Structure formats: C-alpha cells, structure tokens
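Both of the next two complexes hold subunit A, though its partner changes from subunit B to subunit C.
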Partner chain A sequence: MSHLFYEILLFPGIGYLLLVSVGLYWVFRKILAPMHKRVGPHFNGPAGSFQTIFDLSKLWTKESITPKGANVYLFSLMPLITLIIALLPTAVIPWTPTEIVVRSSYGVIIFVILIGLEPILLFLTAFSSSNKYALFGGVRVLVQMISMETAFFLACLSPAILFGTMNLHIIVQDSSWLSFAILFPGFIIFLIAFLGLLEQPPFDIPEAEQEIVYGVYTEYSGTNYFLLQLTKFAEFSILFAGGATLFMGGYKGIFFNGYLFLFLKMVFILFFMIVLRAGIVRITMQQMLAFCWRYLIVFSLLNLAWIFIAKALFMGSGI
Partner chain B sequence: MQQPNRLRPFFENITFEREDNEAILNFGPQHPSSHGQLRLMLHLQQEMITKAHPDIGYLHRGMEKMAENMIYNEFMPTTDRMDYIASSSNNYGFALAVEKLIDVKVPRRAKVIRMLLLEINRLMSHLFWLATTALDIGAMTVFLYGFREREYLMDLIEDYCGARLTHAAIRIGGVPLDLPDNFIANLRKFLAKFPQDIKDYEDLLDKNRIWLMRMENVGVLSKEMALSWGCTGPMLRASGIAWDIRKEEPYELYDEVDFKVPVSDKGDNYARYRIYMQEMRQSAHILEQVADMYDKVVKDNDTALMAHSPRYISAPKIDIMTQNYSLMQHFVLITQGMRPPVGEVYVATESPKGELGFYINSQGGPYPYRLKLRAPSFWHTGVLTDLLPGHYIPDVVSIIGTTNIVFGEVDR
Partner chain C sequence: MQKIIDILKKFDIASIDKYKSTWVRCKLCSSEDLVQVAKALQTNGLRSLVTVSPTDFLDDNKIEMNYFFEDYITKRNCWLKCDIPREMQRCEIDSLTPYFKGANWSEREAFSMHGVRFRGHPDLRPIIVTQDFYNKAPFRMDFDWDKHEANQTQNIKLIVDELKNEQIQNDKLLGESDMMLNWGPAHPNSGPISLKVHCNGEDIISIDPDIGYVWRALEHLVTKKDFIEAIVVVERLCFMDNINAIIGYAQAAEEIAKVEITEFAKWLRVLLGEISRVTSHLMGIGGFFNTMGLHTVAMWCLDMREYFLDFFESYSGARIATAAVEPGGLRWGLQEDMLDELQKALDKFDDTKSSLEAIFIKNKTMYFRTDKVGCISADEVYDYALCGVVARASGVKIDVRLDEPYAAYDKITMDYITQKNGCAVDRLNMLYEELKQSIDIIKQAKKHIHEGIASGEFNPTKDHKVKFPKRLPKGEAISRVEWSRGEVLYHLVTQEKATNPYRLKIKAPSFNHTMMLNHLLAGQTISDIPLVFGSLYICQGDLDR
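For the complex of A and B:
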C-alpha cells in the first residue's frame, strides 16, 4: 500500500512527472536560445534552471479571472480534469526495468486513448469561456485532433503489430536494433503526428498567438492557466516517453539498462521538436488538412502494410 | 418615408433571426498582430472572410491641428511620432517642404548626412518589417535575427543624435550636428557584413516550402486596384508599376547615386517580400556610395551644416556667441519663429513605406495656416477592405504584415 502511495506521489507519479516536465522545459528553452542567438534563462538557479519553476509559481499566485458569461463550473473544472487526464498515462509507461505501475496487456490502448482525450477536454475549456477567439481555437483543436490522431493511432499501432502485443513492458523487452529499423517509418509518422497533437510548430494552428491569440487559452489567467500550462508540460514528457518506449526501446541502453537511456531518448525527441520550431513557420488549417489526409494518413496505412511484411520476413513468424 | 427617431431605435431593416451562419470577429485594436492599434471588423463564414472593415483612430493625436499652433521648428519632434519606425524620414519630409517654401539652399555636407540618415532609416524600417512579418507567420528565429541587425543601426543613429527611436535629427535648412568620429567606419563595418545577413534571412525563408505556401498567391493586389487605392512605395512596385519618387523626382542627392528600383508584377505577398529584400540590398548599395561622398566632403573641407539664410535660419553657434546681430536674429527666430512667405507647397518624398507628402499652406505668419500629411500607411490600410475578403484568418495576419502599416502614421 505504501509502495502504491510512493508510486502515485513520487516516482513515477505526480512529483517525478512535474519535475521532469519542468526540467525538460528548461532544456527546451536552453537549446532554443542559441538557435535564436540568445542566452535563454540565466539568472535563477544554476544556468537558469529554476526559471520555469519561478514562472509557474508566479502564475500560481496570480488572480484567476473568470469572465462574465462563462460557464463558471466548466471553466474552473476543466483545467483540473485536463491535468489529471494528462498525468494518468504515466502509469502504463515502463520507466525503468522494474518500475511500471499498471502491468496491463492493453498498455498501448490506454496510452493512446488518454492522449486522445486531451483535445476534447481542451475544446470544452474553449467552449466554456464564451469567447470567439477561444471558440475558434477550440474548433481548430478538434479539426486538428481528428486529422492528426488518425495518423498517431496508426503509428502507435505499428509496434503493437510487430511484437504481437499491446503490453508496453513486453514491447520494450522485445525491442532491438532490428525492430527499431523496421519501426523507423512509423517513428517518423509518430514524430509528425505528435507535433500536431502537442500543437507545436509547424502545427501550432490551434494556439496561434498572432492569429487567434492563443485560442483556447485566451480567457484563462492565474491558477487556471497555470494548470493548463502544467497539463501541456506533462503531456510533453508523457509523449516523449511514449515515443521512446514504443519505438526506441525505452530504458534499454548500450551497456546497461536504466532510466538514464529513456531520459536521453526523451531529450533526443525534444531536440528534434526544437530544431523544427526554430526553423519553420506556421501552416494554415487548409494546408494542414491537405497534408494530413493526402500524405500522412496514406503513408501511415502504407507503414502498417510494411510492418506486416517485415514481421513475416524478419521476425520469423506468420501474421 | 418614416423618419428614424433619435430616441427610439429604427427596427424596420433589422432582422433578429439570422440564418446565414455569419460571425463577426472583432480583430483588434489590442491584438498581437494588429501592428499598433488596428481594429478590423471581420465578417466570417467559418474562417473565411466575407467582409472586412478596418477601423482606425485609436492612436489619433491630431497632429495636423497641433501643427497649426506651433512654429515650424517646434513641429519637428512631432513628426517623429508619425512613422516611428523610421523617424528621420518624416523629419526630412517636413524639413524639405519648409525649405521649399522658404527657398533655401542646403549645404552639401548636410545633404550627405541626410542621405545617410534616410537610408539607414529605410534599412531599419525594412528590417523591422521583415522581423514582425516573419513573427506573424510564425518564424520566431527571423524575428530575432532581424532585430539584431536593426539594433546595430539604432546604435549608429544613437551615436549621431543620442536618440534611438525618435531621432529629430534633421533641422529645417540642414542638420544640427556633424557625424561623430568612427561613424563612417562603423557604418562600413556594418555594410560589409550586411549582405551575409540578408542571405541568412533568405536561406531561412525562401528555401522553406511552408513560407512559400503562406506567401505565394495570397493577398494579390492587381495593378488597377493598387492605382485606384492610391498605393505607393513597395505596395505599388510589387504590383508592377516602377514608381519610386527617388527616381522620378530626385530630391537630395538621389540623382548622384546609382541604384535600381526593384519591380515585380505578381502583386502577392511573396512579391512584396521580395521587393523589401531587394530594396534592403539597394539601400546598402546607396549607403556605400554616400559614405564615399562623405569622405570627399571632408577632404574638400566643406564644413557648413546649416543653410545661410538670416531671415529664416539661425546663424551658427559661434556667430551667435560672438556677434550681436546674429544673437538678436537667433532670439527672434526662437521666440517668434520664422515667417515664411505667403504660399502653399506640397512635397512628396519616398519614405520606406511609400509616398510621404507634406502640404503646407502659409499665410505669412509664424504658424502654418494648414498642414496636411499624406501618410502612405493610411492608404494601405484602406486596401485591406478589398484585399481581405475571400481569405482565411491566417492570411489576414500575413496580409496585414506585408502591407507594412504603422499606426503612428495612419492615425497621425
């Protein structure tokens, strides 16, 4: 029982996840800054590493304004629910060879569905704030969800098909260099789709600051906004960890297995995201839809076919 | 016909249950990409704009009326606040108009310094344009890069006049100060590295397919539309009309320098972007030539900075301090102001954003009887009415970006 509390509160639960989210966000800012010829966070803590904590604590203590005409309960409740839903997938991810909270045979499904719930909740936050910009943002979130999640699901399905199981623990244990090579097309599709899910450039359409003023977040301030930001950070780390687990062999390392390698893989995916962010501009909704349905989903279906063939050829088993 | 009553609303033409699925979005005046205080009323079908109505006046300061209660020299710092991205251009336009009214001849050294200031301002304005437009479309990196180079130019201007944004560095009849030491050397250092910087921006943007997708065939301004809306400057040149006042009616020393006027006949966002990039190259080219001119002026020992015209312009400081008549004249000019002859004048200059015109009507008094400002951005804001319908919300941002409107100038 006490072990369960340890898991919920510390590792890999709330405490760990918040710490790693904040840490990854600091890495994010620190890597992005030199690409912009800036310094990035500098003053608070060693190399500015406390800056994100300070930012969040500032948001935490600020006044939270509920606009007139908003649905008060929905408006105040949604940030909390989104945060809880965003933290849940941590239970199914094998963080270390021994540490996995829920040893389920349906890990992939749980992971994918909990990630897929997030946009709907975001739309509800937009819907409750009764603001046109927020509503546009919410509609954009939904449109992006429908197109991006199809590709995301199909990409997440490929390791499950290859290894013949949905148990994330077994997927990690069975993974090898060969499986990484086979899953590589799927990994690319996963990376593109997860940019869409996380609303990162070039797919930061739902929260385009210059167009619809952060979309769903327009009316949020103070503690509620803090919760929403935290949701996003948590979702970042969960998706990085999910990608590393599904495609790159999770905690498996070169000389020994351990959490360190999972973390390095997460930073690698983060680095990919940052480079794209620094070098690319935002696309429009129409272009995103065209890209998604004309290319991305077609390729993810082809990828599934490739996985079936590869499984028969290389993994030495029939379908 | 029924008379609409002022106290009771006139409901005859208003339908309350609309089935047309139209949303009206209030875009601005406080919006991250409204470039100041632009308010756009957008009628939307889903995200497509059916009707756009720009609403201006949120930054109105009544400059034209203010000018009627100021002596001519007093008005100079106010012109800084028009197009605050390139203040010296406004200073210069006003100074040139008054100089034409009082008919004085500006010494060559002052002309060279003015040319330097004008072109540095053009570069500053274009860099600012590039940075903000890139940010509007989502390129954070280009935004910071553009501001870095602009910072260098602002440092140059600060060396010259002490101010970075509102320069007031040009006087009626010349310039107040000579260039500081190292100014030309620093400028040359900048010009040596600037072509590489422009290439950096182009590498980041032109080779980016998404940038092309966002810019090409968006916001197409046809030649006829550009003419009928009174567009000038890069907007007009991107629509296929090679009109540059620096070439057509050369003022200052523009007939002595060699530069090209870039033209495109596409008229879309991308054409305007290309025009701005090429104009930056041309400006750098002009600056190189003007820097050489300054060296020549120094060699010729041509030191006069203000025109000699005792009726209108104060004598040099050394004369004021030593000669009685100059002191008296200076006192009168400062307390009462110059009194230009009766007459009216319109002078247009090519500011970074287009034709910047000053109309002055003088009745012989120390204050202008009427001063009218023709600011290019004002006309470019009007084009949005025709340009926006049929586009989607993300394109609104890029179109506002490439029209390059500055609200200090629109609202005046």
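For the complex of A and C:
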C-alpha cells in the first residue's frame, strides 16, 4: 500500500511528473534561446536556471480572474480536470525496467485514449469562457483533433501490430535496432501527428496568438492559467515518453538499461520540436486539413501495410 | 507636362505655373469645376489622387482645398487648388471618391478635421477622431482646444456610451451565425488599431478598420512650435524611421526660406536616411514573420538593428528619436571615427545576411503559406494611390529617390527594385531587396564622405548646417521623400513673418494602405488577417498622426 502511495505521489506520479515537466520547460527555453540569439537573465541561480521556477511561481500566485458571463463552475474546474487527465497516462508507461504502475495488457489503448481525451476537455474549457476568441480556439482544437488523431492512432498502432501486443512493457522488452528501423516510418508519422496534438508549430493553429489570441487560454489568468500551462507541459512529457517507449525502445540503452536513456530520448524528441518551432511558420487551417487528409492519413495507412509485410518478412512470424 | 497645362487651360483657372520639375500647380476659379478637371486629368494618366489637404484661412474667410494627383508611370504630377466657403453649412465640395478610390479616407479625414462636407461621398463618417470631436472640426484655426479639454469627463462618457450603443446595435443587426470580432486594439498582433471584423465562423464578410488610437494631432502640434522645434513633432510620425520623416519637413521649410544646404549635409542626410530605412526594414521583416508565429527572424533582425542604432547613438546621443536633421542641414557635425561604429554594423549585416536568406527568406513553408494571400494588382496600386514597398511589390516603378531626387540621391547609383505578383511574399522579398539596396547606398555614401573629408572638400564639424532664419516669408511648399513605408508628402503653408508653421499636412503611406484591408480580406479567413495586415507594413504612428 505504501508503495502505491509512493508511486502516486513521487515516482512516477505527481511529484516526478511536475519535476520533469518543469525540467523539460527549462531545457525547452535553454535550447530555444540561443536559436533566437536571446540572452536571458544570468543572475537567478546558477546560470539563471531558477528563472523558470520564478516565472512559474509568479504565474501561480497571480490573481485568477473569472470573467462575467462565464460558466463559473466549468471555468474553474476544467483546468484541474485537464491536468489530472493529462497526468494519468504516466501509470502505463514503463519508466524504468522495474517501475510500471499498471501492468496492463492494454497499455497502448489506455495511453492513446487518455491523450485523445485532452482536446475535448480543452474545447469544454473554451466553451466555458464565453469569449469569441476562445470559441474560435475551441472549434479549431476539435477540427485539429479529428484530423490529427486519426494519424496519431494509426501510428501508435504500428508497434502494437509489430510486436503483437498492447502491453507497453513487452513492447519495450522486445524492441531492437531492427524493430526501430521497421517502425521508423511510423515514428515520423507519430512525430508529425503529435505536433498537431500538442499544438506546436507548424500546427499551432488552435492557439495562434496573432490570429485568435491564444484561443482557449484567452480568458484564463493566474492559477487557472498556470494549471493549463502545466497540463500542456505534462502532456509534453507524457507524449515524449510515450513516443520513446513505443518506437525508440524506452529505457533500453547502449551499455546498460535505465531511466537515463529514456530521458535522453525524451530530450531528443523535444529538440526536434524546438528546431521546428524556431524555423517554421504556422500554416492555415485549410492547409492543415489538406495536408492531413491528403497525405498524412494516406501515409499512415500505407505504413500499417508496411508493418504487416515487415512483420512477415523480418520478425519471422505470421500475422 | 505641357499636355497637362493645355488640358487645365481649357477650364476656368485663376493661375497656373510649373512647380519644381515634376509638378504643375493650378488654381481653379470655381470649386464646381473640380470633378470635370479631375476626370480630365484621370483620362490623361494622372490616376492616383494622393491626398486631400484643406487649409483654413481664417482671415480670408475661406478654406483652400489642395488636391495632389500623381501619375506613377510618366511621373507628371498636378497640384490642384480651389477655394470653398468657410461657414460650416456652406463648406461643401463635390466628392472625388466615385472616380478615385484612393480619395475615400482622405476625404473622410478632411471631413473630420476641417468639417468639409463632400457631396456624393459613399461613406462620409468621421475617421481618426473620437466621438467628442464629431462635427467640431478640430483642425480649424478657431477651434478652442482648452475648452474642449475642460470637458474631459463628458467627452469620455460620450465615447463609452457610443461603444455600448454599438454593442447593442451589433446584437440586433447581426444574423444568427455572424459575429462582430473586435480585432484590437489590445490584440497581440494588432498594434493600436481596431479592426471590426464582421465574420461568419472563420470567414470574413467585411472589415471596418477603426483607426485613431494614437492620434496625437501632429499636424496641429507642429503649428505650436517654431520651425526648428517642429522636428521633434515630425519625427514622431513613426519611431521606426524618423530621419527620413524629418528630412521631408526640413526640405519644405528650406524651400520656403530659400536656404540651400551644403553638399556635406546632403550626403549625410542620405547616409542617415538610409540607415534609418535599414533599421525600419529589419523590423518590418521580423514583423512579417511574427504574424505567422515565427519569432526567430524578428530576434535576429533586432539583433542586427542594435548595431545600426549604436551608430545613431554615437552620432546623435539617442537610439530611436534622434532629432538629427533640422531645417538648414543637420543638427550635429560628424566625427570621422563615428563611422567606425557604422562599419561594425555593416559587417554584422554582411555576416548574417547569408544565413538569414537561406533559412528564412527562401523558406518553402513560408512560400506555401504566403504566395497567394493579399495580392494587389498594379491597377489597384494606381487607383488606391499606394506607394513604397507595397506598390513596388506589384511591379509599379515608383521611388521618390529616383523620380524626384532630393538630398544627394542624384549622385547615387541605384535602380528601381520591383517584384511581379504583389502578394504577401512579394512584399517580404521587396523589403529584403530594398534592405540590400540601402546597405549598398550606405556604403556609397560612406565612401564618398570619407573621400570628401580626405580631400578637404568637406569639413565634417563645420559644414553640417547653414544658418536658418527665425522668421519665414509667406509661402507654400510641398516636399516628397521616400520614407521606409513609401512616399510621404509634406504640404507646408506659412504666413508673413511667421515664426511657426501655419499648416502642415502630412500625407502618410499607411493611411492608404490600411484602406485596402477590406478590399483584400473580404471573403478570406481570419487566419489571413495578421498576415495581410503585417505584409502591408503598416505603422500606426503615421496612420493616425
């Protein structure tokens, strides 16, 4: 019982996830700044590393304003619910060779569904704010969800088909360089689709600040906004970990296995995301839809066919 | 030129003369003829009505209307004048908007500022001013500003009431799925402007720009200063390129005072003006990418811009509002080692240029996003009297530096730069090409100044200015400069023995460009608003003045 509490509160539960989310946020800033040729403050802690914590604590202690006309209960409740739902998938991810909270044989499904729930919650958040810009954001979130999640699900399905299981733990154990090579097209599709799910450039359409003022986040301030931002970064961590687990062999390393390698893989995916953020412009809704349905989904279906063929050819077993 | 004079002579005219090399100045006897004359000019190629400038003569009890027509192709321009009565009820003239689309907002401005009513104008609502100035004509000489300011609370209440009323009206008028989106003035990408976007979902039905959030009444403020002091007002036209803004004003003042500036001052004006243009264009390029959520370019450009501002700081002591140019030359002399600071900036630009171009300016995703948005044809440029970067991106060859060379531009080697299609991406390319051109001009001017100093032709600490009289004779002048956003036309009027300007009209490019927004964006989606708005290179400072 005490072990369960340890898992919920510390590792890999709330404490760990908050830490890793803030840590990734810090890495995010540290990588993005030199690309922008920006120089941040040097004086907050070693090399200015406390700045992120200061920023977050500032946000967290600010006044939270509920606009007139908003649905008060929904408005205040949604940030908390989105955060909890975003933290849940941590239970099915094998963080270390021994640490996995829920050893379910449906790990992939749980992971995918919990991730897929988030946009609907964001839409409810937008709906409760009763703001025109937030409504635009909410509708865009839904449209993007419908188009991106199809590709995302199909990409997540490919390791499950290859290894013949939905148990994430077994997927990691069975992974090898060969499986990484076979899953590589699926991995690319996963990376593209998760940019859409996380609303990152070039698919940051639902929160385009220049167009619709951060969309669903428009009316949020203070603690509620902090929770929503934290949700986003928790989701980052979960999705990075999920991607590393599904396609890159999770905690498996070169000389030894361990959490370190999972973390490095997460940072690698983060790096990919940041390079795109620093070098690519946002596309429009129509272009996103066209890209998704004309190319991405077609390629993810082809990828499934490739997985079936590769499984028969290389993995030495029938379907 | 002669042809225009012949055409004008067919009408009932009070006076006609050639003004400068590219202008014909003509005064009509009767304002009734205006539409006929304008139509005749239009059929002869003068298709662009640049601006309308009323001058209020309190003593003569008349308002003199000034119309500036330009022909972008053959560079023949016409300055048309006519008198109308000054009494509010009789202060009327025929509108030219049905024939010249670009006159729309100019006439609305004249209506709000001077109370001139335009017969036949399709949409004669006040512009720029707030509700408390409606029907009061604040730029008329007898307007009592102190009395107006005394009623501050009452004025604010008027504005608030109007806003609430508008909200109620919107709810009644709009259909079920339509909505009125207030895009600004507190929008991350709008700047101090409010676009009233009438949209159905993401589709735009119409856009009505509501401008005037940074209206400082510069044109009025100038009349409260003497001729030298006025430079600090004029440079507030826009913080991004203040040098060229003052050059234009200074030229108009020098023309009335009949002061010829020194050769060295001319070259230094070119140098400073081009540096100012570079700082502005760097921000323009950054702003263009910012509208699509890419902040890297803006950071890189601002990084480069700092080096150029370092030069401004070493020359004038200020980085942004330099007040470096004044009527009669320049405010300060030049120490030759200041140019070393400039050399650092040029080196920095040359270092960064290739990676900026390879990564961002030729970015495929950016092309994918921008090459079919906000396209302006050459005909629209003529009709709406657009200028500068926007006009040249559509393939129209206009550039005041070449059409009517001022300062030392006649000795600079340069050529027109144009693009073909006039879409958003062409305007970006235009900015970038012009940036390179400006760097080239800076290098030429810098070299010439170095040589001049070495040969003893220039004395950099003494030659920078000639004496400018305190009192100016009665006169009237126009002066044009190629500002970073396009042509700025100053119309300066002075009275006998004047210590301060009687009237200064500033025709600013962003005014006409903003007028295009509804035309460009109706039928598009709201994703295109920031992009088109950003690519038009609008500065709210010169939009509202």
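Following the convention adopted for this analysis, the second predicted complex is superposed on the first by the 315 of 319 C-alpha atoms of A that agree within 3 Å, B and C clash if a C-alpha of one lies under 4 Å from a C-alpha of the other, contacts with A are read in each partner's own complex, and residues count from 1 in each chain.
Simple rule for what comes next: contacts are C-beta pairs under 8 Å (C-beta built on N, C-alpha and C of every residue); 3 or more make two chains touch, one makes a residue touch a chain.
Treat the numbers as computed from the prediction; the structure is a model and nothing was measured.
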If subunit A is used to align the two complexes, do subunit B and subunit C fit next to each other or clash? clash
Per the contact definition in the header, classify A:K62: touching subunit B only (first), subunit C only (second), both, or neither. neither
Check whether A:H36 is in contact with subunit B, with subunit C, with both or with neither, and answer first, second, both or neither. both
Who does A:Q287 touch here: subunit B (first), subunit C (second), both, or neither? both
Figure out whether A:R103 sits in contact with subunit B (first) or subunit C (second), or with both, or with neither. neither
Dual-contact residues of subunit A, meaning touching subunit B and subunit C, are 35-38, 132-133, 136, 201-202, 204-205, 208-213, 278-287
Touching subunit A in the complex, subunit C uses residues 179, 181, 187-189, 201-202, 289-296, 299-300, 303, 359-360, 363, 365-366, 368-369, 525-530
Subunit A contacts subunit C in the complex at 35-38, 132-133, 136, 139, 201-202, 204-205, 208-214, 278-287
Show me the residue ranges of subunit A that touch subunit B in the complex, using the header's touch definition. 35-38, 132-133, 136, 201-202, 204-205, 208-213, 277-287
Which residues of subunit B touch subunit A in their complex? 23, 25-26, 31-33, 47, 134-141, 144-145, 148, 204-205, 208, 210-211, 213-214, 392-397
